[in-house]
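What follows are several structures.
You will see chain A twice below: alongside chain B first, and alongside chain C after that.
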Partner chain A sequence: MSKSSGPLLSVRDLAVRFATPGGEVFAVRKLSYAVAAGETIGIVGESGSGKSQSVLALMGLLPENGHASGTAHFEGEDLISMPRQELAALRGAGISMVFQDPMTALNPYLSIGRQMRLVLQRHLALSAAEAHDRCVQALAQVRIPEPVRRLKSFPHELSGGQRQRVMLATALLCKPRLLIADEPTTALDVTVQAQMLALMRELQEETGTAIILITHDLGVVAGQCDHVVVLEAGEVRERSAVDELFSRPQHAYTQRLLRAVPRIDAAGPPQPSAEEPLLTVDSLSVEYEVLPQTLFGRRRQLRAVTDVSLELSAGETLGVVGESGCGKSTLARAVLRLIEVAGGRVSFLGSDLLALEGASLRDARRELQVVFQDPLAALNPRMSIGDIVGEPLRNFSPDLSASQREARVAEMLTAVGLSPADARRYPHEFSGGQCQRVGIARALISRPRVVVCDEAVSALDVSIQAQIIELLEKLQREMQLALVFIAHDLAVVRQISHRVLVMYLGRAVELAPGDQLYSRPQHPYTRALLSAVPVPDPASERTRQSITLSGEVPSPLKPPAGCAFHTRCAHAQPRCQQEVPELRRVESADVACHFAGTIDAENTSISVAG
Partner chain B sequence: MTPMGGLWSDAGRALRRNRAATISAAILLSLILLVIFGPLFSPWSYDYTDWGEIASPPALSNGHVFGTDQLGRDLFVRTLYGGRISLMVGLAATAVSLLIGIAYGATAGYFGGRLDHVMMRIVDILYALPFMFLVILLMVLFGRNIFLIFVAIGAINWLDMARIVRGQAMSLREREFVVAARTSGTRAGGIIGRHVVPNLLGVVAVYATLTVPQVILVESFLSFLGLGVAEPMTSWGALVNEGAQNMESAPWMLLFPASFLAITLFCLNFLGDGLRDALDPRDRSGR
Partner chain C sequence: MLRFTLSRILGAIPTLLILISLSFLLIRVAPGGPFDSEKQLPPEIEANLRAAYNLDEPVVQQLGRYLWNLAQGDFGPSFQYRDFTVTELIAGSFPVSLRLGAMAMLLALSLGVLAGCVAALRQNRLADYSVMTAAMTGISVPNFVMAPLLVLVFAVWLGWLPAGGLGDGSVSHLILPVITLALPQIAYIARLTRASMIDVLRSPFIRTARAQGLTPLTVLIRHAMKPALLPVVSYLGPALAGIITGSVVVEQIFGVPGLGRFFVQGALNRDYTLVMGVVVFYGTLIVVLNLMVDLLYGWLDPRLRR
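This part shows the complex of A and B:
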């Protein structure tokens, strides 16, 4: 099909501009690259770099006010100047696309099979039976169990990972020569991401499809791509082979980006001097009531957190990691008394936090603050920055005069790297990173002792992430803060945490000092989690033997009996299906595994550098 | 500077920059002044019959600038008197439904759970009362009185508002900035007042501008049934109704009250849109 000579797609001087009320804005300028059959090219950049627009332009999917210029020859024909109808015929058949969010990219009202058949009907004249077989085959190809039954399912009945597999299967139905994947694994958990990336590699070897992979994650690039284009603000900063890029980055921006990427194989922060614990959590449990599905159905209890214990001292950072739904955010919110607790004890500076009510609870909150994941959503859009940051002061120090309060707000804004003049402005006028600084300022203005960072940097670009973490570390040193740092990104947690708690299905599976956990993980789940994290180093990505977990996290409504992890554990024994393992000490870690210490650590190849 | 003060003063400044809203507000204001003071400058009263000018068309010569109706009453004065009633009913009933509806709905939506259940069942029960039955009952008990119309219309309209506000408040409750306010030690009243209500005012403003015309029309319907204002007193709704019946023989009887009504509703719509934009800082910049 594709011509043997020359590349499959060659893009030359692609520019994308948008007509806006404020004049013309360039999203992409002078982008040139080529992709050969069977090759993967990565387009890397932070948000707003124009990486998505550059491929939407190829597909003719730009918004109304967008305009593309330049050339993009696909199998000899120019996509940019191609008439709309021809391009529409090519989409899905010759070139297809996988999007970031599999839930919004699938139509919730149509069954999976129906949606897949629509693609086939559009491009190939197949009989109903043939189309059905093709769909079953495609689902089997992306390793979806029971493909025939799955065809009748609706998108909401599938997990996030399965939905993304369905998207991939749909994209590959007509055997496209080029697959464009726009952040295909960003919305997925690390272990599922690892499965997905491995699957894409396998399918590429089978079919020889060329892939354009758009991502912000340099770790993913290192493992997947042959060539890389680095975009910043619509301009190409660097274009080179993957080994070249990581070993000898040429452009200053690439060098900065690579430095900012948190690495799982880097050293953690130095341990603080041991002190009396500030906050003690003792076998805390949280339950949610799930409303019945039918009118007369039973209400069911969902155990989001089961028997978690931990301690936190001043100046210390405790990282909490786990996949989505593991209960890490619930744990934090329960400790902060934002949701009801089903059992256990939380004591803060010796007093029982769970017994506090009304005014005394408000007093305690002064010492316990939180920074949220989505920086913009956590700020009231109708309030000015000054009012937002000043709100805790109004509540906790009502005797301050307005001018004293303003002075404190100005001081705090300066401390988080904003200007006192920003107090008059509103949240939407700031970037994500700046909004997060505002969130931090609000959390710290009442001079708390404990701050919970609930995925506080997950929504930010890597370079901004690095700045925010630096800021948190600086403020922690200055104010002797105890931090609880919740994240799904193990590399970020590594960078900031003294100790790390790993959670799985609401239970603590391992609690260990950072260095110990990352160099000698004891629990099989911790090991799998660590090995699934992509490392921004092509050489080690290629040689690394990763433990790919099969399947996905079971539903917390029906947790497996015994050790919750036994359904996915390679070392599971009959005992694991019956007995719940207790946390016990192995080396300097607390591990909840019957066989901890006896399973050798030969298949984890992460070493501590530096 | 309190947060609410900041919000309202910033919104006021933004509203003044919105030309359509400013003009609408000016027109509405002059309309209100006109219906209050206009009748003072007219030689006729609203129920005086000018026997020489029965159903005469608008003319400057005889002093009836809007013409007269079938009973020889001056339409200009009647339109202004009708405006007093209609604007009073429309604005007062809407204000009542706004106040009760927002307070009730925001409380139910923010607290949720059992309180929400009880409060919303009360709303459901009130919904189930037949409106006409309620009005007739009130009339029988207390006699015919314009204030009863306010009570009846207000008692029905806040139910819609409460439901809309509750829905909004329920989704706002889950937003991170509300959780953040709780950890900042803000009391429930403060959260509802500073975080929940300001963020649902956009929807409320639009709904309120739809409520005013609805209320004015409901009043005219009541008047048509003989339950609203009593002749010879009148309202825009009643005048439009009369005018529609004499559309062919005396078109001015429809034209004048109808255009007053239409202008009022237009202005309220523009003002509502302007208010919604002005209250949202995201729409405020760049204008």
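This part shows the complex of A and C:
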């Protein structure tokens, strides 16, 4: 179809601007790049860099107040000046798109088959039977099991990874020459992300489709892209081949970005001197009651956390990692007594936390604080920063006078890198990173000994992430804080944690010092998890031996018998299906695997996906 | 789904019981009785009449008797229309009301949804403002004002349509009553549709549909309509109640011999059994239709199916 031997898409001086009440705002300026057939170009940037707007402009999908200028020649024709109807005919056929969150990007009210057939009806004149075959074929192509049956399913009946596969299948229905993927794996767990990225590479080899990959994740870029455009605040900072970018970054921003990216192959923090544990958790279990599906159905128990034990000392950081639904947040909330516990013991400085009630429980909370994930949502929008940070003082130290309280708030705001004058401002006036500093100030003002950070940096850009982690480490040294650091990002956890707990389906599968866990992981799940993390280094990405786990995490309502991981484990033996493995010591790690220590690390790679 | 339906039907019984008991007591609390008229009846005749209709019993016993008969499908005799049972009166007049109500509901749904969609697609432009202004007027003007106005314009001044009655039963007689009944519902439904459609059109899956190159009409009808109609569907219950109460007034004004008119006459004449019959009948109708709305909800939103 190509009319010339030149690039498939050639973007020149693309600018996107928005008309706002405060005047015109440029989202993108002077963006130029070219994509050839079969090639993948990455557009990288932090939030607000204009990376998504730059491709929405190509597709004619800008919001009403948006305006694009410049040229973008696709197969010889300019997308920017093309009449709307012609562009619409090209969308979904010649160029198609995959979006970030497959739950909201698929229509929850229509069956998958219906959504796919609508695309075919629009672009190709196929009979009903041909359309059906085409849909089945497309689902099979993205390795969806039982594609015929799946066509009748609705998006909510699929897992996150499967939904994104359906997204991809729909985008590829009309065999587009260009696929635009806007953060296609950001909402997925790391093992599912690895499956998805591998699938995209395979399909590209089969079909020769050119890909524009938009992402904030430099690790994904290193493994997927041939060329990279780095955007900051709508401006191109750097445009180069992928090896070039990582080995010899030219622009100061790129260099900063690469330094800020936490790396799974970096060294962890030095181990603190061993001390008596502050907090001891002993075979803690948490259950949720699931409402019955039918009128007279029985209420069922969902075991979110099963028999987890751990210890935490002053000045120490315990990282907790695992994929969504593994129970890491539930564990933290149970330790803080924010939810009820089904069994086990939690003791803080020798006293039983689970036995505390009323005033004594409130007193204990002064020592146990928490920082939440979404920095803005966790702050009351109607309260000033001073009131938010000062509130724990009103609660725990009611004898302080107003001026004493103000002084403490000012001191705390300074400690987290904000100004005392910020006390009079409100949350919406701050950026995400600043709001998280407020969240940390609120958690620390009562001078707690244990702070739980529940995905505290997950919503932040990498450069901000690095600042917040630095801040946490500084405050930890100054106040001898014990931190529980929960995150799904293994590289971030590596950066801050002295010891790491890996969870799978509510159970602890491995608990080990950071250095041991990341260099010599013992549990097959830990190995798979670590091997799935993309590294921001093209050379090591190419040679990386990835253990691709098949399938996805089973439902915690129906956990597999025996070892919960046996359904996805390459080393599973009959014994694993019957006997729940206990934690036992292998090297310096506690591992819950019957065969830990006997599995050869070389022999771990399997290639079955889906 | 069957279990859900059954549980909802069982759950409706207490609602209906409370409705019946309250109405039963309220109408008896109202001053006057079914046998009061300008000409005073001799006391012994009135006493005989009261005994014949069991009105001399304690109220609770009367209620019990009424419920017992009701359970067997017997609404009792009318006090005013001496030769008719309440069942016969309802069976005779309900078809008229049903025709009126169904037409009003259809009109309200089709015009309301259409106007709401147009307003949503032309958000903050002239068409949007016109629809919303008209809707506000529709909501603000009560039916007993709207009805005479319509009659004045279309029957008296223009002479296009009859002013009242059923005449030969032709549709032209129903046009004005139907419009009067439907107007406030059109207005509500238009506002609801507009708000939810604007919301839906902003959702990511609509962006996906547009990115797939689908035409605006396909996006609107195939992708956006189902979710945008959910609030409208949940309003169908209250809309039905609105149309039923509205019909009481509208039938009276236009002289349509429907169930609503019997209800008003019955209340004025203290025709206890007739009033109770209409209350029970309409109450049940509203409960049943609300149940159907819930089932419809499950069809519209696959996440609610079990």
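Things worth noting here:
The rule we apply is simple: the second predicted complex is superposed on the first by the 600 of 610 C-alpha atoms of A that agree within 3 Å, B and C clash if a C-alpha of one lies under 4 Å from a C-alpha of the other, contacts with A are read in each partner's own complex, and residues count from 1 in each chain.
Keep this in mind: a contact is a pair of C-beta atoms (placed from the backbone, for glycine too) under 8 Å apart; a residue touches a chain by one contact, two chains touch by 3 or more.
What you see is a predicted model; the values in this text were computed from it and never measured.
Three-chain overlay on chain A, with chain B and chain C fitting side by side and no clash. When the two structures are aligned on the shared chain, A:118 is found in touch with chain C, with no touch to chain B. Contact with neither chain B nor chain C is seen for A:299 once the two complexes are overlaid on the shared chain.
Contact with neither chain B nor chain C is seen for A:558 once the two complexes are overlaid on the shared chain.
Contacts of A:104 after superposition on the shared chain: chain C is touched, whereas chain B is not.
Legend: residue contacts after superposition of the two complexes on their common chain; A:59 is shown touching chain C, with no touch to chain B. Contacts of A:402 after superposition: chain B is touched, whereas chain C is not reached. In the superposed model, chain B and chain C sit 30 degrees apart as seen from the Cα centre of chain A, a figure rounded to the nearest 10. Once the two complexes are overlaid on the shared chain, A:372 sits against chain B while remaining clear of chain C.
By the document's definition of touching, of the two partners only chain B reaches A:392; chain C does not. Superposition on chain A places chain B within reach of chain C only down to 5 Å, the least C-alpha distance between them. By the touch criterion given at the top, residues 21, 333, 336, 338, 362, 365-366, 368-370, 372-374, 377-384, 387, 391-392, 395-396, 402, 426-429, 439, 442, 446 of chain A touch chain B in their complex. Contact residues of chain B toward chain A in the complex are 1, 3, 6-7, 10, 175-177, 179-187, 190, 194-195, 198-199, 279-282, 284-286. On the chain C side of its complex with chain A, the touching residues are 3-4, 6-7, 203-205, 207-215, 218, 222-223, 226-227, 300-303, 306.
Listing the residues of chain A that touch chain C in their complex gives 59, 61, 88-93, 96-97, 99, 101, 104-111, 114, 118-119, 122-123, 154, 156, 167, 170, 293-296.
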